Amino acid sequence: MRTTVPLVIGFIAGVIMLLSFFFRTEGTLIGTASEELLIWSSIIAGFSFLLGAASIIRVNWRQISLRKPGWIYNLLTVIAVFAMMIPALTPKGWLPESLVSLAGRDTGSIYDWFFTYVATPMSQTMFAVLAFYIASAAYRAFRARSAEATLLLITAALVMLWRVPMGEAFLRTLNQHLPEWINTYVMSGINLSVQRGIVIGAALGAASFSLRILLGIERTYMGRG
Amino acid sequence: MVALSAVAWLTICSSSLRARDQPPAPQSAFRFDRINALVAMIVFGGAVLLYTRWAKQGKPLYIRKLAGLDAIEEAVGRATEMGKPVLFIPGIQELDEIETIAGVSILGRVARITAQYETPLIVPVRYPLVLAAGQEVVEQAYRKMGRIDSYDKDTVRYVAGDQMAFAATVNGMLMRDRPAANIYMGAFFAESLVIAETGNAAGSIQIAGTAQPEQLPFFIAACDYTLMGEELYAASAYLSHEPLLLGGLKGQDLFKVLLVIIIILGIILMLLGAAETYLSWFKIA
Amino acid sequence: MNAWTKISQLDRRWVYLAVWIAVIIPLVFPARFPISITPEARQLYNAVEALPESSVVLLTFDVYPNALAETEPMARAALHHLFRKNIKVVTLTTIPLGGPSIAERVTREFATLYHKTYGVDFVNLGYKPNYASVLKGLSTSIEAIYPTDNSGTPLKQLPLMQKVKSYADMKFIFVVTDNGIIDYWISIVNAQYNIPVGAGVTAVMAPKQYAYVGSGQLTGLLGGMKGAAEYEELVGKPALATTGMGIQSLVHFLLIALIGLGNLGYFLGRRRKEGTA
């Protein structure tokens, strides 16, 4: 029962969504059913955030109550969760006139302040770290150990130069048309065809995997099989 | 060839119907302008089911070696010897993404190995539904191996909803817990290099697999083994060696061969300047 | 261990220091270089330029806060172009974490600059979960998916949304994104509803999108900060992306030098080792 019911639900829902591509959505039973399923999945996704909030609070609270090393960071995490959640969810009608702008998610609210001045800079800092990491990864790993690797490195260097104005100016000193050749033959030629091959392969892999899930052949994602 | 003929016949029929001077017929519920997609789907499904049936009948099916997947058991063994945990990330997308489902499937296989060796497993996830699926999969794996007592509910933990907050949390785990083996299987984006490079700095053996082509260079630079694109989807079948799953892989390969033939035919016709009708067969309305 | 081998195994912190210096120098001593325009960026610009006045464009802010350095300049340059041509703009996002706030902040700033009125010239629909249902649902009825805008105002009260009911009322979709949602805008919206889609994506994502530009599924492409700088050049409003080109140039040169140095150290170190063995 625990295995069969989810498989049957998955099969029916999958077949409806698959067939809806071949039928008009207006005025057909299958079109209506597929639209309903999409709305239901939105609702389930919304409820699932409650699960996440509960998990993050439970895991961190356990670390705090046991005073595990670094428990102060777990406490900060829990405080941050509530500091953003409570003002965002507080109905504006509950607050006096002077504090109404602090509630909700509009510009000027507490939620927006935390997002703009705390979350965004921290996210951007982590993203900026990529510049350092790619340099160290490239320095460590990009070795011309074979003919293919050498070709790859030369191409990478040319594309890196092509991609920036200073590099492009340098390439034009070698040949006036070199940047255009790189765009045409490397980016829109070799790169385009290789990307298509990878994307087609991945798409077929995904389609096959989806078909196996639909038919109940693949059950490992449920912990069965 | 039968499928191609069917597509051609139907396209010609629908074209000739349009060409006649008749008032437009009322729109039917079925979209005949998408019949080519239906034929392709039937051919694809047929190929997968055919090989699955042959697999059930015991026909041997060859799958080439995937070094990254062979290395998983070795990596878990290394972690056991060192007394360090294994870190597994099933991607950073929601459960409705096929890559995440593939990642969770592989998690089930890895959890069986860690249960067998009694190696600690850490699985940080980014979405609540992935948390629920991951917990179920890991629990079932431990139960199957008879090690349900060693199962910790917080093995799979929801750490953050934001991409970079997730990366920062995982980086913290990598530097504090120093897992001996890191396995990244699923959809990754900008945080791929942040996590993989930190894992490299922590001295872990790293195995990655993703169908996001733009992240492959980062994983190749920072990880010891990388699975590319469809190899991720093949992983579950490869690790289980189950004939039914392997049959599906072979069916997919047959369809790929058909696609290659179609592309070559198209190139030849394009060069001869006679590809217009042929190309129209593959347009999706 | 000989000197060359030591060079090839340099502590990563020296590499980090070198990158840091390469980023600081152009900030302290800024330099501008002429920005050449790629055919893909020009194609996108021309597509928007060809739109008649008062047509409606959907501008998406499918961006996370971390990639704003690359994506926000694209959105800003796009808004310069759209508002200058008196094109009506409807914005939305499929990213809950900040997408609505970013869209709100940027569009309001440009609205003040170009004297545009909210509800008449532009509307911010905000975020709704489950992008598949959003992208499909907008083909039938925008109001069914977004009964209210981002601030909670019913769409019935917004004059612009009385004219814009679905994709059929839009002339172009300008997707600014840093994640895989672009694949769905192409496969769901462009493929099934035949509305032209142009994209501004991060530099890492750009190579994959060339395949879609080549097949005509994408009408133009901006790749990373260079793409944003190109669009700023085309609209005649050089800003953050153009300034960033100096920094990116120096870092790219540094990366090439580091890779060269690493390989030199590796090969010469190996040769020395074989020589002494």
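In this document, chain identifiers A, B and C correspond to the written order of the chains, with residue numbering beginning at 1 in each.
Convention: contacts are C-beta pairs under 8 Å (C-beta built on N, C-alpha and C of every residue); 3 or more make two chains touch, one makes a residue touch a chain.
Predicted model only: the values in this text are computed from it and were never measured.
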| item | value |
| --- | --- |
| Farthest chain (mean CA position) relative to chain B | C |
| Chain pair, B-C or A-C, that carries the greater number of C-beta contacts | A-C |
| Distance from chain C to chain A - Cα centre to Cα centre, in angstrom | 15 |
| Whole-Å gap separating chain B and chain C, where each centre is the average of the chain's CA atoms | 27 |
| Two or more partner chains touched - positions in chain C | 12, 64-67, 97, 132, 207-208 |
| Per-residue multi-chain contacts in chain B, two or more chains | 96, 161-164, 190, 213 |
| Set of chain A residues in contact with two or more other chains | 41, 45, 119, 123, 126-127, 134, 136, 138, 140, 142, 195, 199 |
| Sites on chain B touched by chain A in the complex | 27, 29-31, 34, 37-38, 41, 44-45, 48, 52, 94, 96, 98-99, 101-102, 104-106, 108-109, 127-129, 131-133, 136-141, 154, 157-165, 167-168, 176, 190-191, 193-194, 196-198, 200, 211, 213, 216, 218, 220-222, 228-234, 236, 240, 242, 244-245, 248-249, 251-252, 255-256, 259 |
| Chain A - residues contacting chain C, complex | 25-26, 35, 38-39, 41-42, 45-46, 105-107, 112, 115-116, 119-120, 123-124, 126-128, 131-132, 134-136, 138-140, 142-144, 153, 156-157, 160-161, 163-169, 179, 183, 187-188, 191-192, 195-196, 199 |
| Parts of chain C lying in touch with chain A, wherever the complex brings them together | 10, 12, 15-16, 18-20, 23, 33-36, 38-39, 64-69, 97-98, 100-101, 104-105, 108, 128-130, 132-133, 136-137, 140, 151, 203, 207-208, 210-211, 213-214, 224, 226, 229, 245-246, 248-256, 258-259, 261-263, 266-267 |
| Sites on chain B touched by chain C in the complex | 93, 96, 161-164, 187, 189-190, 201, 212-215, 284 |
| For the chain C and chain B complex, residues of the former touching the latter | 12, 64-67, 97, 132, 178-180, 191-192, 202, 204-205, 207-208 |
